[in-house]
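What follows is a pair of complexes built around chain A, which joins chain B in one and chain C in the other.
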Partner chain A sequence: MEKNVAVLEETEQTEESKSPTGFSIFWREIVRDKLALISLIFLVLISAFVYGISLFMNQEDIVTVDLFSIHQPPSSDFWLGTDYGGRDVFGQLIIGTRNSLSIGILVTLMSGAIGILFGLIAGYFGGTVDNIMMRILDFFMVLPFLMIVIVFVAIVPKYSIISFSLIMTLFLWMGIARLIRSKALQERELDYIQASKTMGSSNFKIMMTQMLPNLSSIIIVNMTLNLAANIGIESGLSFLGFGFPEDTPSLGTLLSYATNPQTLEFRWWIWVPPAILILVLMLAVRNVGEALKRATDARQRRG
Partner chain B sequence: MNGMWKFTVRRILIMIPQVVLLSILVFIMAKMMPGDALSGLMDPNLDPATLEELREKLGLNDPWYTQYIHWIGDLFHGDMGESFRYKMPVSELIGQRMVNTFWLSLVTLILIYLISVPLGIISGRYNDSLLDQAITGYTYIGFATPLFIFALVLLWIFGFQFGWFPTGGSVTPGSTPGTLDYISSKLYHLLLPAISMALIGTVGTVQYLRNEIIDTKQKDFILTARAKGASESRVYNRHVLRNSLLPIAAFFGYEITGLISGTVFVESIYTYPGMGQLFLESITTRDYSVATALTLLFGIAAILGTLISDIILSLVDPRIRIK
Partner chain C sequence: MAFLEVKDLKVHFPIKGGIFGRTVDYVKAVDGVSFEIEKGKTYGLVGESGSGKTTTGRAIIGLNHITAGKIVFEGKDITDPRKTKQDFRKNVQMIFQDPYSSLNAKKRVLDIVAEPLRNFEKMSKAEERKRVQELLELVGLSPESIVKYPHQFSGGQRQRIGIARAIALKPQLIIADEPVSALDVSVQAQVLNFMREIQKELGLTYLFISHDLGVIRHMCDQIGIMYRGRFVEEGTTEDIFQSPQHIYTKRLVAAIPDIDPTKREVHMQFRQKVKEEYEQSYHDYFDNQGLAYSLQPVSSTHYVALPEKG
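Then we have the complex of A and B:
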């Protein structure tokens, strides 16, 4: 028995080295698509910039109210002026971008993990298990996401960044779960799963070590596209005042200053830069995601 | 036809547990909110013993399932509690705001169809032309643009810079209801919010229609129609569009979910007095009986919307019924 497994593993490995691996296909596709390549370079640069610079910045300093410099126009001291509390907008922009990116990545990973697990179990077992799990998923899908999240944010005691990302995760795992479930349903009919079952592998092992790797490229594509969406959702919630806590700037909080008509009309330097940043970030992540998506479908590849 | 009824009944049966679960979720949220029905009415001079008596009388000390049954019973009688901020029944307050949101949503829906159908048809019929590339570019950017940023920019440009549209409210103060002035002023106030929602909301439909048309174009029956000598416009009007437009008409139910979150953003940006704005306001002022009622209503609207769309789609496309 053990011998057979060893042989199987060996053939798997040799086959892998022959055909191009997932990552090299991804990479080729991105290099071939100029827009995606530029987007990727931009994303790497801006992340390096905001994560690097914010190491040398003092968040306490930036979010401290300074009543002597309220609403100053851009100057050499404050590159993008100051907000209604006399806080430097440029500094908030840097930290806000970092916070928005971080929570976007965090929520994408957490909701991805839940969704993948849920989808794998439903798709692998199929039948009644699948039926029950899909009804649960349908229920989550039909909930008015925005309102429920806002109510949760309002009623959670000791609200923090962690609870915010958990609340978002709780209502954002359904898309990827549905995708993984449909792929797992197809996958479970294939011979290698049947073979593995006959050889006595546990269900958990088949799901995690055999099914999951075969779905990895779809997962990467879907999570990239989710990241773009999650950055938008977070900034939207922060914009309404139900995202990041007060003392933690995000791109959405900066934009929410524009709900003051005076700021919207006369102080564009406060809200236009974060608006552009959100847009460009979301577009860039999406461009990369779309290139990856093409890479997973051999008919659409350009590279 | 028989299959259709089976599908409809099954689909409605699926809906019932959804509504029950939603109501339980909203009830739990209502219970978790700080304070109860009495904290708003509370007279600080009341002594704790009387307060306790009142609680007992209102059933606030009962086990949760008894309270839940009571709550549901009240809901069926249209009693959603009292808004302590506006000092009026929640149902009345929501009724006032619902009219505004209803018109805003309706105009948005109409605009969505008015924009997306021609764009989708052009883009699908003349695919890969310059025009199609422009439309595809619009959907690509529109898909990545958050609604609230787009609405802010429109408000800034057309409301403040050009002054073409009002920057807030739902009607010019002082106009009498029922007059033509009043109606046109209402329409004028909701136009910009509706346009901003519609321009973002069309994106999915345009893409869907484009793909459908490009797909159908290559089918054999279209080739046959062309071979018979049918004119190009006849091929499109009688054969291609017939298959693609019906499902789109059924999408309006799915749009409701998007419209709900859209109105929350747009109403707060344009200070348009509708249900979305009322919801945000009730949360920030801790007027929780209003917030819970609105969450429940929006949830039920979304569930009903999906139900209607599912049923219409199954009528249009029998393949769905088999699933």
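Then we have the complex of A and C:
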């Protein structure tokens, strides 16, 4: 008898320590998936390195043209050589990675915030509200993203990380809005939402304090995967010349030097490092994102 | 004047069809239901699945749109939930059928039970905590439960949390929508007896919705039997169980299982007889569309849906 009681108490205690879909499940899934764990460690290290070192670097100095040291191969002075303006490629790579990461994170957070709010309202109210809001969303979906970004680049004279992020956000909030809306439509039929209504909570309060926590896991997963996509989009735009100007380096601007055949063939140190970095960064974010995605679905979990 | 009066309540859901999503037809979930509940009593709504009993309950508390009819609570018209003052919400609460989906899995018990208190009463954190602990004790859960999450409780315990939340504001009327259907039989009795206890203690009025006649008999003072959105019979518990008048009620009462094995044969023959009677006299009790007629008084408390001529 006593033994039974002891066992019971023990199980109760172990149960107490875990919450149903908390960070512990995410963490367990990542630890179980070695690739995701390595990716996560790599991501943390590289962002710590990039943000740390760039504190001691002066962007003005690095992007200043130095005609006496054009196209130098890697040396002890210039670890990754110099470009056609005699600018240090290693310095540009650090600042560029920082800028690309910042843009990616900023765009993900801003588009996430807009998308979540939009999707929650549409899904929670449903019916006519949902119908009207989805038509507005459809309108944004059919706008030609690239063309409008090119026009913006022409209109806005001086680019900054903030203004560029805002332009990207304008076209990238729809995916998450749709996802949240479809989940909210399911969630609003559940009894706990109805119960909140009968207890006199306002609609806004129900959306933010009752519904949102129940959607948190898919939000985290979706935003992580979006981060990889957004870094890719920024690099793509900068590569095409519609992103940052040359005095604000990013991974994409460095990569665009490779459009010069001379650089492509003889000066690998300019474009190979950013190319590898983009590839590895996006793969790493994706690996972590996929592990998180599996963690939200009990049937796919490995941990 | 009755405590809660429902007059000719109708809840129709449109069926959309065709290319432009026009309204083709209506599902008449509740089609002209009237009843009154006295203060401190328990009124039972019984019926098979899809008979509209849950919809009636949800319409009263304002979760379903009311097509026509009137709901009067303590002399105040509360038919339109948007025009209703918030005090009504405070006085009428609901216990939900499913103890799993009716509690937010991401919230601690403290937040779940305190939600109505936060909406209506200005309390400090400490007062609120104390009140929640009192409520949990009242429903027989330990006060330490406030830091736990719903998944750490069994179905019966979860339903008690749901009840604690419903009585937090000291409401006058509680709509209990099949509160024990999702629980196993041993726990059912516990929860039901507990509900009766707090009824006496707090002077509650229940609108008790269930398909389980045993539970209804145990709990209710008055019973309304629903079939396809209408009442077929209404009366006190004795009226319904001792002298069912409508053929549908008769068959429903005959279907209650008898646990005495020696009477098995007798009981089965009785059921067969009622079944034959049901099939033969079906058209005497239901109109061409298979719907019940309007209610006619049999005695001062007992009403049966019969054709006008009798």
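The rule is short, and it goes like this: the second predicted complex is superposed on the first by the 278 of 303 C-alpha atoms of A that agree within 3 Å, B and C clash if a C-alpha of one lies under 4 Å from a C-alpha of the other, contacts with A are read in each partner's own complex, and residues count from 1 in each chain.
To be clear about the criterion, a contact is a pair of C-beta atoms (placed from the backbone, for glycine too) under 8 Å apart; a residue touches a chain by one contact, two chains touch by 3 or more.
Since we're looking at a predicted model, the values are computed, not measured.
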{"item": "Chain touching more of chain A, residue-wise (chain B, chain C)", "value": "B"}
{"item": "Which superposed partner A:Gly127 touches (first chain B, second chain C, both, neither)", "value": "neither"}
{"item": "Partner chain(s) touched by A:Tyr192 [first = chain B, second = chain C, both, neither]", "value": "second"}
{"item": "Touching both chain C and chain B, counted on chain A across the two superposed complexes", "value": "none"}
{"item": "Chain B contact footprint on chain A (complex, rising order)", "value": "135, 138-139, 142-148, 150-152, 154-155, 228, 232, 235-236, 239-242, 255, 258-259, 261, 264-265, 268, 271, 275, 278-279, 282-283, 286"}
{"item": "In the complex with chain C, residue positions of chain A that touch it", "value": "12, 15-16, 19-21, 190-192, 194-201, 210, 213-214, 216"}
{"item": "Chain A-facing residues of chain C, complex", "value": "58, 61-63, 86, 89-90, 92-94, 96-98, 101-107, 115-116, 119-120, 148-149, 151-152, 162, 165, 169"}
{"item": "Residue ranges of chain B touching chain A (in the complex, touch as defined)", "value": "14, 17-18, 21-22, 25, 29, 32-34, 141, 143-149, 152-153, 155-156, 160, 167-168, 257, 260-261, 264-265, 268-269, 279-280, 283-284, 291-292, 294-295, 298-299, 302-303, 306"}
